[in-house]
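Note that the chains are named A, B, C and D in the order they appear, and that numbering of residues resets to 1 at the start of each chain.
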Amino acid sequence: MRFETLITGGRVVTGGAVVPADIAITDGRIAALGHGLTGAQEINATGLIITPGGVDPHCHIEQMSGMGLMNADTFETATRSAAMGGTTSTISFAAQAKGQRLRDAMADYAARAARGAAIDHAFHILISDPDVADFADDLRALIAAGHRSIKLFTTYNIGLSDAAILKVLRIAGPAGALTCIHAENDAIIADARAQLLAEGRTRPIDHAASRPRAAEIEAVARMCHLAEIARAPVMIFHVSTAEAVAEIANARARGAPIWAETCPHYLFQTEDVLDRPGMEGAKWMCSPPQRTRTDQTALWAGIAAGHIQIVSSDHAPYRFDATGKFANGFDAPFPAIANGMPGLEPRLPLMFDAMVNRGHLGLASFARLNCEAPASLYGLRGKGRIAPGYDADLVLWDPAQSRTYGANDLHDNVGYNPWEGTTVTGFPTAVFLRGQAVMRDGEYLGQPGAGRWIDRPAIGTTPRDLTGQAQ
Amino acid sequence: MRFETLITGGRVVTGGAVVPADIAITDGRIAALGHGLTGAQEINATGLIITPGGVDPHCHIEQMSGMGLMNADTFETATRSAAMGGTTSTISFAAQAKGQRLRDAMADYAARAARGAAIDHAFHILISDPDVADFADDLRALIAAGHRSIKLFTTYNIGLSDAAILKVLRIAGPAGALTCIHAENDAIIADARAQLLAEGRTRPIDHAASRPRAAEIEAVARMCHLAEIARAPVMIFHVSTAEAVAEIANARARGAPIWAETCPHYLFQTEDVLDRPGMEGAKWMCSPPQRTRTDQTALWAGIAAGHIQIVSSDHAPYRFDATGKFANGFDAPFPAIANGMPGLEPRLPLMFDAMVNRGHLGLASFARLNCEAPASLYGLRGKGRIAPGYDADLVLWDPAQSRTYGANDLHDNVGYNPWEGTTVTGFPTAVFLRGQAVMRDGEYLGQPGAGRWIDRPAIGTTPRDLTGQAQ
Amino acid sequence: MRFETLITGGRVVTGGAVVPADIAITDGRIAALGHGLTGAQEINATGLIITPGGVDPHCHIEQMSGMGLMNADTFETATRSAAMGGTTSTISFAAQAKGQRLRDAMADYAARAARGAAIDHAFHILISDPDVADFADDLRALIAAGHRSIKLFTTYNIGLSDAAILKVLRIAGPAGALTCIHAENDAIIADARAQLLAEGRTRPIDHAASRPRAAEIEAVARMCHLAEIARAPVMIFHVSTAEAVAEIANARARGAPIWAETCPHYLFQTEDVLDRPGMEGAKWMCSPPQRTRTDQTALWAGIAAGHIQIVSSDHAPYRFDATGKFANGFDAPFPAIANGMPGLEPRLPLMFDAMVNRGHLGLASFARLNCEAPASLYGLRGKGRIAPGYDADLVLWDPAQSRTYGANDLHDNVGYNPWEGTTVTGFPTAVFLRGQAVMRDGEYLGQPGAGRWIDRPAIGTTPRDLTGQAQ
Amino acid sequence: MRFETLITGGRVVTGGAVVPADIAITDGRIAALGHGLTGAQEINATGLIITPGGVDPHCHIEQMSGMGLMNADTFETATRSAAMGGTTSTISFAAQAKGQRLRDAMADYAARAARGAAIDHAFHILISDPDVADFADDLRALIAAGHRSIKLFTTYNIGLSDAAILKVLRIAGPAGALTCIHAENDAIIADARAQLLAEGRTRPIDHAASRPRAAEIEAVARMCHLAEIARAPVMIFHVSTAEAVAEIANARARGAPIWAETCPHYLFQTEDVLDRPGMEGAKWMCSPPQRTRTDQTALWAGIAAGHIQIVSSDHAPYRFDATGKFANGFDAPFPAIANGMPGLEPRLPLMFDAMVNRGHLGLASFARLNCEAPASLYGLRGKGRIAPGYDADLVLWDPAQSRTYGANDLHDNVGYNPWEGTTVTGFPTAVFLRGQAVMRDGEYLGQPGAGRWIDRPAIGTTPRDLTGQAQ
């Protein structure tokens, strides 16, 4: 028989291996994989590497910040940028406002994504107010409807108490949802910030000292205990310190249901970026802040050793102007500067360059960290893998193509590229979403609204994954 | 086109996923995977689970023990037993005698395997004498010829000193070989044994106390340091204690190139088995000994967390008679009893029962631990995975079939089954080696000599896998 | 010259050594120590061991419980009991009520102690409401006036948030006060209690499960971080678990200004005592609860290694009747039973029996743990040591005298002895407070109101004690 | 009564406290301590601090080095230097030559000390050959005769195997001796040295890299295991790395009978000293080498936390000429340069300056680390403490006197002062040995041969000190 489309001659990366194979596509799905196949349409991928489409499970899109500022990106601009970088699935946040019912927040974000998203997507249920009416019922209903992940904070004005976190975990665990946590000790941060401001230290670089390492280390350890107590799976977001990696490794070694992610800006940048002249440092402000080279080594070791399973972008887009970073003035002290940096588009090229071109861990690990693991752990049906029955979300990489990032060459709406001057080798030449090209040779072919919500019948993280105890 | 053979309707486990797919086989290899394929011969696997053929990277076949006793199994009997349990590849030992050149030891074992082995195989270069002439040259030549793993001991009469181990690692690392180490502190064992014998404690159960936990913990920590110093990858064999798992986790977290395996008898048995009446305990004597339930929990947590990557059998076959266990008499004190237990055949069913039937970690992890990881880490080309281009080594499992092991129902030459009385659910109904059935419905179809030596152009473990540093 | 009083022939325990020496006393103080001295009055202590008077730095006297219940003991009865057991100094709590000014709380307690106390005493400033008017000024003023220790909770209805704790530490550290913390995670306890009550588990033994080990472990680790951040010395009260000892050891190894105490009921009892028939278990209810034998071993190792510096009683007296334990009814569920057990009087004999008679660590450590360390760390001027210029607070021990505790033979007002049936060897035959006997041969000679408040010009714990960094 | 001598008006440091007291001396011993005493001779110490005489438990005197080179110091010169710096007791080494009986080695060293030593002294039994005839009997006899400490190496040409170390510990533990171990992994050092020499790196600074941190860390961990297995107390000599401190802390926390010392050159120097121009670095060469500032912080934290109990000099004197450092030539590669640096004399002033003048831990800790703890742990009867019955070994310190060390102002026979240029504040103005001045106002008053051997009826370290288990 002939398949609709056949991508021939590529080296296919999936499931921990790299195999030369043709990929047959029918009805937007991978029908078969191998040799001896024929297709009505054939696409020649000789010399190219084919990975699953990227899955970015941590990005802020069309979301209001804690300072009451809307992100610079809509679903239309964010997913355009994602697709241009090889990402075909996102999980962004359905952020509950204080007092808002969870289902209303979800309906709102789902509608916006349905309108604007050019790629497939899901949502974390971002809980800021667990005391709202019908909270538990709404949460269980949303999870049962396939929204199988939750986002909590231990800090900011929406930080939850330990008691509230346990309340959520006691619902999430049995219902089969994964709870993602931004884990930094709020009191330690407030204390550090107060000390700094009292000393007149208000510059972007002071943002680094305002979030002491201990704030992360302490909160990560605490969340590990809460997850273990509740027997509910927890994903620690954006780990930045060596000691937090150690806390996670130890918790996992004793069977705590803990998973973790980090981000390119922790792997490739240090806090020096915050100390650039004038207000330049504000471009790289995010929380937790970038740390040291020792931490970078520990994060890579944590990835290699399996303590960290995912690399996400934590895309949090604010323009470097009065509508974004400087909504509170161009000389605002660091706590009043919008916090976050864009990253949806460069995530995969940065990681490909490091892992494939420069040899950190290799191709199979590249696909695992950036595609398979996020799809699997968050339960994104049909995503993250090149295998029969999976969506034909594919990225064709030219491993020899080099690019040096410029000042403003991303396709989001942020207006600056925090990776300006960085050269990456290995770049996507085509990106397919369910068999349709959304990028080819640098040309954007996506359609706002063409993206679909991804059902999640079950997550891939359960406590027994770590304890090995039968249930 | 039509493929030679098509296995249809099964649920295929590979690369971390379970996908419904047909498997097309041509010339003993997997040609394609998916739907819409046709075959000249079709095998119906509806309702069955299909995993890669098992890879057992730690088994003693036709090998002389430290006591000068030949194993009960030849390649013919060992590989028959392996195949009946679903294992299609083994790595056994090419054991250097003191004074023997490594290449002579390898030639000897390779010839015996070529004659008798019914399944595919490779060898660890077992070094007992690193001071023999031309040692370094021979070792490099054997590695370059595709014998990419080494076995060392820190104990027994062939235990190497730290200096000798570093000498080997300094060759093995740059040459691209993985060094496997039986890590127990010899002095601690000798001390404990002397104390026990002085107290008249000579029974099989005293074997447990003769190998204190600290002997393993200390030696594992030390080997982690040596591997790190030499930047050479090391596999810790048969980890048995919770503390050793922690040492490994910590070493990996700091970037040491360390991997680890455990065995079913540590996961499912405790030292109680050594205390059975009369000399019965001798059936389960092995080193390190079985430990406690707490250790079992820690080993499962270590597997779940990725600290332990492989489960092997450590098949070490001795008959329960004067030719084996009791070569030194039926009332021999424990140090004079042959040390080891059979395990090639029950390894996969025991692990399937635990991981699939009883739900410890699930199918994908089952295939990873027992097939993919050993093939990948040891570099067995074409093995361990169901993907285009790989050997068509396949096991068809009936997940509902139960079996209770009897006293002597294994197909090796040992004469007793240490798992007598254990019921497993999930059992192989057919086993294919390069597309040819070697077992079907319990009937052995293998041919001595049909097994092939497996080339290993490169291993899957390099220091950068853990450190993330480019080279 | 002749001294007023000379105690001759004893073996004197002080400063880490045991020396045969006569003790000369003048004006209630030790004038000299040695041989060749003469006294107007001579007391023969031949064959006896002389230790400093006991210092109990953690006891609840005339204090309202969290449940609104007054302790069974007044200063008169509590100090009588203390003196009968060899204790000549206490630090109890000046407990702030919600909304009350700290200075008013202190004045209230100081007045009660001045009236009733037969032995010398000081107070921890117990903070339940850091938001009251003039809080920081009052706190600094009290510290400057010599009240150099503070007590905080992380749990109960007076538990402080991390932010409030940091606020206190930022005052206490620079002002030179030691902050003592009852460290258990309140949310974990509330969660466990809710689970238990939902399952109908309401008995005294369920109290143990209602305070999971992780509640202590987590909170201790967190308090270590806060102390380190604020560079303010913190004493962890009543450590009960092996893991908490490890957290403390690690924090101290990285230079965190952390000290710790444990209590006899953790060293000598296990949670089994809570499971006695009927409501008997209520006699031993305290928080944290008694744990396991493994924890006991770890606590002793922690004492031996210097991780734990003090053993206190945590005397919390409630009668086993409707005025005390059962104020909420004789069949009250465990959360409604008054929480605490008496211990002022048996602390020293229990510790003497273990450390001297049974040989745990020996006489010098006995005096260090129970007398010198609490006096030194809390800065009790003139207390805890037998040296020239120190108060003549002395206990004469007959190391051969044995006693088996009966049902109601303590001299407090509690009505039961939780150590009933325990035999101790080594018992005080005389106790002196500033040179005056308050007990001789079992006869109480103390006078209510004779006790004095102990000035504390400075504490013995400063961050540099652990970091070694000059200031 | 009148005492022979009375030292009046000083602040006396002993047993963890600082007390104003007069010290009465009769027959070379402290008769009494306090006020109201009179003496035939009175010495005015007003304004001075009085500490016990220093105890240096780790110094090489009249000893042959591993390179076959005799130390620069005889007992006469070494003890002169010690006394000038306030040290009144030493423990040096009775070094067994290969094949020599232990008792012969001891007799030899004892005779030399009896002839030359101006201060009191004891010996560690240095074992280089445990296979010599009558080894066990000799060892037990020497211990019983009061030589209660042993020295072993894990490296150098006299390094013992784990088996030999266990053999010694099995004798030493029950016999009541403390085994001191120079713990560095010999194979790691040999490997590093070979790598360096192969790269032509032969300078003094390369000595640092030739003894990798891991060599110490690994060996310390291993020795902790052996001590724990044998239940025999072990003192880890000259700890230099943060990780080794952590290994020791963890071992102690689990009850292993481990103690540790460090030295001033680890506390105050870094490896930079080895990199001075020309061969200057050779002046500071010792093993393990100096490390980093981070390690210094960890060592101070380890002292503060009690993980490290002793500071010794590791005095190993070689002249900076052809008779010493350069016996193998002035351009010898680092492995051929004599290894060691002098330190007997400056140890106390350096530590006084740091701990008292600059405030690291204070006076009481100064006396504990440098006087009390070594006397107590090694069982030096009558030493290390200012208390009735103890030897009147005293140092009078002027806390305000400053001195800057010059190029050659020590009183040993080494010819250079490694602390040249260092200013210390606080200096001894008089030193008494058993009541007799051996130094006064910088004038040496000692007599060769006046020093006595110190009996050691029992050591102060037993396993129960750490485990708290009764025996």
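Here is the rule we go by: a contact is a pair of C-beta atoms (placed from the backbone, for glycine too) under 8 Å apart; a residue touches a chain by one contact, two chains touch by 3 or more.
Treat the numbers as computed from the prediction; the structure is a model and nothing was measured.
Counting only chains that touch, the fewest steps needed to get from chain B to chain C is 2. In this structure, the chain pairs C-D and B-D differ in their number of contacting C-beta pairs, and the larger number is found at C-D. Averaging C-alpha coordinates per chain and comparing to chain B, the farthest chain turns out to be C.
Centre-to-centre, using mean CA coordinates, chain A is 56 Å away from chain D. Distance from the chain C centre to the chain D centre is 38 Å, each centre being the mean of its Cα atoms. Computed centre separation for the pair chain B/chain D is 51 angstrom, with centres defined by C-alpha atoms. Pairs of chains that satisfy the touch definition comprise A-B, A-C, B-D, C-D. Taken together, the chain A residues at the contact with chain B in this complex read 1, 3, 14-17, 19-21, 24, 26, 30-38, 245-246, 249-250, 252-255, 297-307, 354, 358-362, 365, 372, 376, 385, 387-390, 464-471. Listed in rising order, the residues of chain A touching chain C in the complex are 161-163, 165-166, 170, 185-188, 190-192, 212, 214, 217-218, 221-222, 225-226, 228-230.
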